[in-house]
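Each of the next two complexes has subunit A plus one more chain, namely subunit B in the first and subunit C in the second.
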Partner chain A sequence: MPSTSLALTPGLGSFLKSLKTHPVDTSIENLISLLKRRQIRHSRSCATATAYLLRHVVSVCKTSDPAKLIERVQSVGRRLMAAQPREMVVGNVVRRVLGLIRDEAEDDREAEFTLSEAGSESQPQTPRAFDDASLPLDRDALSLRAEGAERSSSRPTLQSMFSLLSHPDADHSLPSTPGTQSPNGRIPGHGPSSKDVKAEVLEGIGEIIDELGQVDDQIASYALEHIHSNEIILTHTSSTTVQKFLVKAASKRKFTVIHAESFPNNHEATHATVSGNSSGDDEHLSFESFQKPLIALGITVILIPDSAVFALMSRVNKVILGTHSVLANGGLVAAAGTRVIARAAKVHQTPVVVVSGVYKLSPVYPFDFDSLIEYGDASKVLPYEDGDLVDQIDVQNPIYDYVPAELVDLYITNLGGHAPSYLYRIVSDHYRKEDISF
Partner chain B sequence: MATTTERTAAASSKSFDIVATYNELLRSDPDLTMPIAAIEALVLVLTHSPSSTISETLDLLEKSTAHLKKSIPNPIGLSAGTDLFQRYLITTLQRPGQLGPAGDFKAIRTHLLSNGRLFIRRAKESREKIAAFGRGFIRDGCTVLTNGGSRAVASLLQKAADEEGGPSAVRFRVIYVLSSISKNIEEPSGEPEGMETVRTLRAKGVPVSTIPESAVAYALGKADMVIVGAEGVVENGGIVSRMGTYQIGLLAKAIGKPFYVVAESHKFVRLYPLGQYDLPIEQRVVEFRSEDDIAEQGKQESSVDANGDKPIELPLSDSVDFTPPHLISALITDSGVLTPSAVSEELIKIWF
Partner chain C sequence: MADPVDLALPSSSATAPAQPLPKPATENTPSQQTQNLPIRDSKTAKTPAPSDKQSGKAKDVSKPAPASADAPGATGADKPLTPAELKKKAKAEKAARRAKEKLDREQGGAGTAGGLAPGGGQSRPPTAPKKDAAGGGASQKGQKAVPPRRGSGPTGQTGAVEHKKKKEDKSVAVFGHLYGQQRRTTIAGAGKEVHPAVLALGLQLRDYVVCGSSARCVATLLAFKRVVESYTTPMGTSLARHLTTHLSHQITYLSTCRPLSISQGNAIRALKLSIASVDPSTPESAAKATLCDFIDNFIREKITVADQVIAGSAAQKVQDGDVIVTFAGSSIVKQTLLTAHKQGKRFRVSIIDSRPLFEGKKLARALANAGLDVQYSLVHGISHAIKDATKVFLGAHAMTSNGRLYSRVGTALVAMSAKERAGGVEVPVIVCCETVKFTDRVALDSIVVNEIADADELVSAAPPQQVTGLTDPVTTTKPADNKKGTSSAPTTDPSDSSLTASSSPLTNWKDTPNLQLLNIMYDVTPAEYVDMVVTEMGSLPPSAVSIVHRMSTNM
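After this line comes the complex of A and B, so read on.
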C-alpha cells in the first residue's frame, strides 16, 4: 500500500505505459513479475492489466486463425495464472477473451453454413445457422451479453443431457471444437473473413476494458433501490465499489454509515476514505478520480474497530460488503473480517448485500477453501521492533476470508441484483464450458 | 388410425415384453443405470415394431413407457430415461436439418436403433467424466463418508485412489455407511450393498471403515465431507436416493460438513416432490399396525394372492427417500459441478 512516488514505483500505471513501447514477451514477463511481487494488487488493477496485455498479445499475433489465437492466449493465460493463482480475476479475464475468440470463430463458421447450406449433408445438425446468422451485425456490450445468454441456452442443449443420445457424427460437428474438425476443410485459414475475427476479438477486449472502467458506476446506479432514508448501513474496508455505491445513494437520501476499520491490512486506507484525506497513494483509488467523501455529502459516518461489529449489528439495517472475488457456488473471497461481519449479520437476521463487478465472478468451484486464503505481512500484527516476541510467537495475518454462500442474501453486479443461487447462470453466460479449466 | 396403432401396440407388446426386457437388461449388466436400461428397452421396442410414421412411433413409445412405469415398483429412475428418449426424438424431429421434418424420419430411427450400444458406452463414459470433475474434491488427508451402492461414487473414489504413480495418489480415508437391510431378499443374512466397493478400495490401499446407519452422527465428526450417489435428481435440485440418505444430509448440515451428490445428468427427472411422502411410489416404510391388523393381514394373504390392480409396492430393501436441495452443497455431474438450482435449468432446456 505505501508507495509514495507513483511515477517511479512499478505498478499498473507504469505497466500500461510500458506496454506501448516494449515487445510483447517483455511485457508478459513484466506483468508476471509484477503479479508475483504483488506490485499490482486489487482485483480491478489485475483485471485491467491482464485485459490490456491480452489485447496487445492478440494484436501483435501474426496469425488470425482462431485455433492458433486460442492457443496463444491460453499459453499466456496459464503463465499469468500461475504467477498469482489467488488473483482469480486474471483467469476470469483470460477466459472471457478465450470465449470471445471462440464466439467469433463460430459466428464465422455459421455464416458460411448459411451460405453453403446445400452442403449440409455431412452436417446433420446445423440448427443455429438460421437463428444466429443475424447476430454478428450488432456488437455493443449489451447485445453481446444477450447473445451470450441466447447461446448458452441453446448450445448446452446439444451438449448436456441430449449428448447421451445424439448422433455420433453430430458430436464432432459441434461448434465447440474450433478448427480441428472441419468436414469440408473450410475453417482453417479461410480467406477474407478470418481477418475480421482478429478485429472483432480486439474490439471485444476493448469492451471488456470499458466494462472494467464503468463497472463501479453501473453498480452504483442500483444504489437507490437498496438504500433507503434513515437506514443504518454497515460496511468494511475501503472498497471503491462500496464507496461509489454509498455516495450515489447519498445524493438523494440521508442515512448513517458504520464503517469497520479492517485492521491491520486496510485500516489506513479506510481511515483515509472516511475522512476524505486520501493522499492518492493507493493505487486503486488514484485509478479513479477520487470523489467527495461521504461526510462531505452530509452523511453521518461512524468509524468503529472490527471488534465492535457484533455489538452494533443489532442496530444495523443492512450490511454492504465489497469483495475480492466471487466463486461459482455463490461463496466469496473477501478481505479478512468479512466472514465475522456476515456471520454476525446472520445472527441478527440483517440482510447482507455484496457489491461486485461481474469480472470478479470466477467459474472455478472452490474445492479447497484454505488454498484461496492469502497470508500477508505478519509485521502488521506484531511489528518487528518487538524482536523478542516475534521469535517466540507464531504470528499470522490472513488477508482474505472465505464467506460461504448461505451468509449472503444478495449480490449486486453491474447486471443487477442476483440471489447467490443464481450466480451459476451468470457464470454460464460469461464463460464457455471449454475454458473453465484450460 | 388410432385403432390400428393400438392394435399394433397391443400386438407388439404381446410378442415383446418390455418389462421383462428392462429387468433382464438391468440384471445382465450390473453397471447399467435404470434410465439407460429404460432407453435400451425402448430402443428394443422400436426394433420389434415396424412403425414407420412419426405419430405411430410416438404413440407406441408412450404406451410402452406407461406400461413399463406401471409394472416397476420404483419408476423414478427409469422415467428419467424414457422422458429423455421421448424429448430427444421430438426435439430432433422439430429441428431443421437432415434428421428433422425436412429430412428422413427413417434416418433418426436407424440412428436410434443401431446405436443402442453407443448410448450405453456413453453413459459409462459419463461416470468417468464425473470422476474427473470430482477428483478435485478429494484431497490429501481427507476423510469421505459415503453410503449405498452408487456406481458413480465408487468410480469417483476408485479414480482418486489409483491415480497413476503410486506415491502421488491421494491419501484419503473412507467411512462407508452400510445398510442394515440386506439387498438380497432370498438371503437376508447376505452382505449389504456396497461391500464390493469397500473391498475394491481396500485392495487399492485405501483405509475403509464400515459403520452401521445408526453411527452416522457419531462418525461424521471424523469425516470432512459426505459424497452420495442418487437414483434420480429432481427438478428443484433435490435427490431421490437410497433410504438413509436424507438423514445423512440432515446430519451433515447440522454438523456443517459439505454434502455432495454424484449423479449422471441422464438421471435428472422431471418431478417436483414437496416432501418425503410426495414421491410417485408406494413404499410401506412407516406402517401402523395393531395386533388385530396383523391377524387380518395374515388372513388376507392366505386368501387372495394375485391382485392385478393394486399398485406394486417397493420392497423395504429398495426403499428410497428424498433429500431436499437445501441440504446439498453441490451436484457433481458429467456436465460439471452444479448448484442444486442449476438442475431445473438443465431440465427446462430439454423440455421447452
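After this line comes the complex of A and C, so read on.
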C-alpha cells in the first residue's frame, strides 16, 4: 500500500514496513512516538497502524490464554491511548480487538459446553448466513439478536431487555453461535483448543484491517441515494471519505461542489485535492493520489475561503462533511471551522450530512468539550514574517471543533444512513461494555 | 475602452500636428489596412500599431501578447499620426476588440490553445521569463515597473492577459452578474481629465493600501478636494455644471480601480449636491473655497468627529473583565477599544481574521502596541473564540435600510456564532457604524449585491522558504531547468510546470478545467443577529437604519 519513497519519512508507511522486521516492543515504542510526534495523524492512518500493531502483538504473544491476551492488549492499548488521547480511533480499534478476544473466549467456553451436550453442527449456519449478507465484521442488527442471546448465556450482565427475554430458550435455539465475529474460515466443528482462540483473533483483526481499507468505498456506495442532479454541495477539508463519496456520485450525476479551503491547517491538501495535482509529499495524500479529482469528472468545483461560507449557504442544497471522530451522543469532533459551517447550514435550513466510517465512532461521551480539542501550530495562523507580534498577542490555532449532534441531520457510515440519535445503538453493537473504559 | 487611444492623442499630435503620416513605416501599413478589414486580421496588426506606450499598455490588459514576429515593430511604430487617423484606428481597434471578445466567448475555456495563444507565456508563466520577454516584448516594453501586486504578483502581465481571456469560463455562475470588468491594472488608459491625486488614489484603492469604508471615503474626498483646488472652469460653462462632469470622470476612473463603497457613494452624492447648489454668480475662487470647506466639514462631521462620538459611546459598553470578539480590522472598532483602554478598563480582545486580506493583523498589532491583551485566531477558530466572549464588536461596510449589516465576508459567521452559542446565552453584537455608511439599498442575501475580488489573491503567494533564506531544493534546480528550457524549446515544459505546481497546487488554476476560485469581499448579516448599531446620532436597533438614513439625507 505505501509507496517506497515513504519509507524514508516517519509515518504510516515506514511504520508498517518496520513492523515486519522489528521486535514487538520496539514497534510499540515506535508507534507511541509516532503518535506523540503527530507523524501519524489522520484517523484512518492511526486506526490502520493500531490494527496492524495489535495483530503483531497478538501473533507473537506466547500465551494463548484469552485472559492473558486481553491483559496484554489492554496494556498496549493504554499506552497507545495515553500517547495521543485525542486520536480516539486508536482506542476504538483497541476496544474492538478486546471485544474480539472476549467473544472468542466465550465462544470457546460455550463450544466446549455445547459440543459435549448437543454437538449440533448445522445450527451455526444461521448466524453465519446473517453475517455473510452483512458487511464483514460489522455485527449488524440481525446478528445482534444471536449475539445478545449468546452473551446472556455466558454472562449474567445483560446488554438489553431483548436478550433478557430471549434468555430462557437461548441454549436450545442457538446452542452455539460462534459465527458472529469471524464468519469466514471457521470450521464448524472445531476443537476447543485454546490455540484456535489466537488464530480466530488474528483473523478478526485481519478483518478489521480489511474494513479500514474498504470503508470509504462502502460509504461511497450510498452516494447515489443522497445526491441528486444539479445539486450544490458544500464541503470542507480534503477528507478522502467525502471525496470518494462525491466522486462516486459524480459517475452518475451532475452537480456543483463548493469547497471551503479550511485555511491554516488543511488548505494545502484541500487545494491539492481540488485541483487534482497533489504534490505527493504528504503521507495522507499519497494514498489517494491515484484517485481522480472531481474536476476531471466534469464536476464544477468552486473553491472559497472559509469566511464566505455564510454568504453562499443560501444557495447550497446540502452540506457534506468529513469528521475526525464521532462521539456516542452523535456529536462530532471535526476539523476546526466545521462547527460554524454546520451552524450556518442549520440557520439556512440546509441539511448537514456527515460521512464517517464506523471505526471513527467512539463510545466516549463528551463531558468536557475542551479536552477533545487539540491546538495546533500557531505559526500557521501568524507566519514567520509577523514574528514580532507573537510576543505580544496570543495566537490560537485550534485543530478541531466540537459539533453538537443537533447540527447534524444524517450520518452515513459503512452500515448505511443513521440519525444522530441512533448512534448509541451502533456503539453498543461494536464495543463491549467492559471495554468502554479499560 | 476607447479612451486609451483618445488619451494618446494629445502627446503625439502635439509633436507633429496634422501631418499626413510622413513615412509610412512598414509596420504601420498593415494596421492602416486593417482599418477596413473587419475582424481577425486586425487583431494581429493591432499590437504593433500602438503609436505610443500608453495605449500599448492599455491593450496589454485586454488582449494576449502579440505573436513574436510582430514584436520588433512596436518600437518603430512611434510615428506621429494625425488626430483623424488616430481616431479612425481607435475605432477599428474597438471593433476588433469586440470581435475578439466574441470569439473568445465562442471558444470558451476549452480552446485555450486556439488561434489566440501567444507564443510565450501560456502555460508556464513564471519559469520562462526570457521567452515572454521575446514574445510579448512589444507590449511589455511599454509597461512601467508597476510594483508587483500582492497575490497576483509572480504571474504578472501574462497572468492578466490569460485572465481576461478565460474570464467567462472562470466566473462562478451564481455571481455572474458581479463579474463586470476586471479591476484596472495600470493607470494607462485613464482619461486625461483624471487628476494625478485621483490616479494615485485609484491604485491605492485597488491594492488595498487604502482599505476600509471610511478610509476610502476620506481619501476620496481629500483627492477630490485637490481636484477642486486645481480646477479652472473652462470658457463658456459654469462651475456648477462643468465641475460635476469633471468629477464624474474622476469617479469613473476610481470605480474601475475598485467598485465604489457605499460611503464613497454617499460622500460623492453630497459633494455633487453642494456643487449643484453653488450660485452661478459666485466667483470661481469663492465657489472653490466653499466647496473645499464643504469637503473639510463633511470629513470632520461625518467621519472624524463621528468616529470620536461613536468610539466614546461604544467604549461605555465595554466593562471590566469583558472579552470582546471582533472580526477583521475595522478602524472604528480599533478606536473604540483604544478609547476604552484609555479609560482604564481592563478587558481582553479576541480578533478573528480571515484570508486573503488579513486585516485583523494590523488591528492586533495596533492594540498590542497600546498594551491591550489580544488573542488572535482565524475564521476556523470562531467557535472557540466566541465561547468565552461577552461582547462582539463589529465594523461595517454599510448598513442596508432593511437593517442588515453589509460587511467584510465572514462577519456574518461571527455574528451568527455569537447568537447561537451552545450555552444558550447570547452574546450581544454591537455594530459601530457612521451614518455616512447607511444606504437606502436593501439586501436579502450576499449574492445580489457584493464585490468580487481577484481570485488570484487566494492562491498562496510566496512559499515560506523564501522568508528563511534557506536554499530550497526546488529553486536551486530551477535555474538549470530554465536555461535548458530557453535553449531547447518547449521540451522541458512539463518539468517546469510540475516544479511550479509544487509550490502551490493552485498556481495553474486558470488552466484547470472546471475549477473555479471565488473571492467575494462582503457578506450580509441578518438584522436579527445585530443587537445595536452605535452611530454618531446615538445607539439604535438595526431596524432604525432606514429612518436615520432618511433623516440624515433630508437635512
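Rule of thumb we're sticking to: the second predicted complex is superposed on the first by the 352 of 438 C-alpha atoms of A that agree within 3 Å, B and C clash if a C-alpha of one lies under 4 Å from a C-alpha of the other, contacts with A are read in each partner's own complex, and residues count from 1 in each chain.
Here, a residue touches a chain if its C-beta (ideal position, glycine included) is under 8 Å from a C-beta of that chain, and two chains touch if they have at least 3 such contacts.
The structure displayed is predicted, hence computed values, not measured ones.
When the shared chain is aligned, subunit C comes close enough to touch A:P264, but subunit B does not. In the superposed model, A:D394 lies in contact with subunit C only, and not with subunit B. In the superposition on chain A, A:K68 contacts neither subunit B nor subunit C.
By the document's definition of touching, of the two partners only subunit C reaches A:A308; subunit B does not.
When both complexes are overlaid on chain A, the residue A:R425 reaches subunit B alone and has no touch with subunit C. Looking at the superposition, the partner that touches the larger set of subunit A residues, subunit B or subunit C, turns out to be C.
The residues of subunit A shared by its contacts with subunit B and with subunit C come to none at all. Put simply, subunit A touches subunit B in their complex at residues 120-121, 123-127, 130, 153, 156-157, 159-168, 328-330, 365, 367-368, 421-422, 424-425, 433, 436. Interface residues of subunit A, counted against subunit C in their complex, comprise 261-265, 267-268, 271-272, 274-279, 294-296, 298-312, 314-315, 335-337, 339-340, 343-344, 346-347, 373, 381-386, 389, 392-398, 401-402, 404. Residues 39, 84-85, 87-88, 91, 95-99, 111-112, 115, 118-119, 122-123, 126, 136-137, 139, 265-266, 268, 329-330, 335-342, 345-347, 349-350 of subunit B are the ones that touch subunit A when the two sit in their complex.
Against subunit A, in their complex, subunit C makes its touches with residues 172, 174, 354-356, 361, 364-365, 368-369, 373-385, 408-410, 412-413, 416-417, 420, 422, 445-447, 450, 458, 460, 464, 467-468, 501-502, 504-506, 508-509, 512-520, 522-524.
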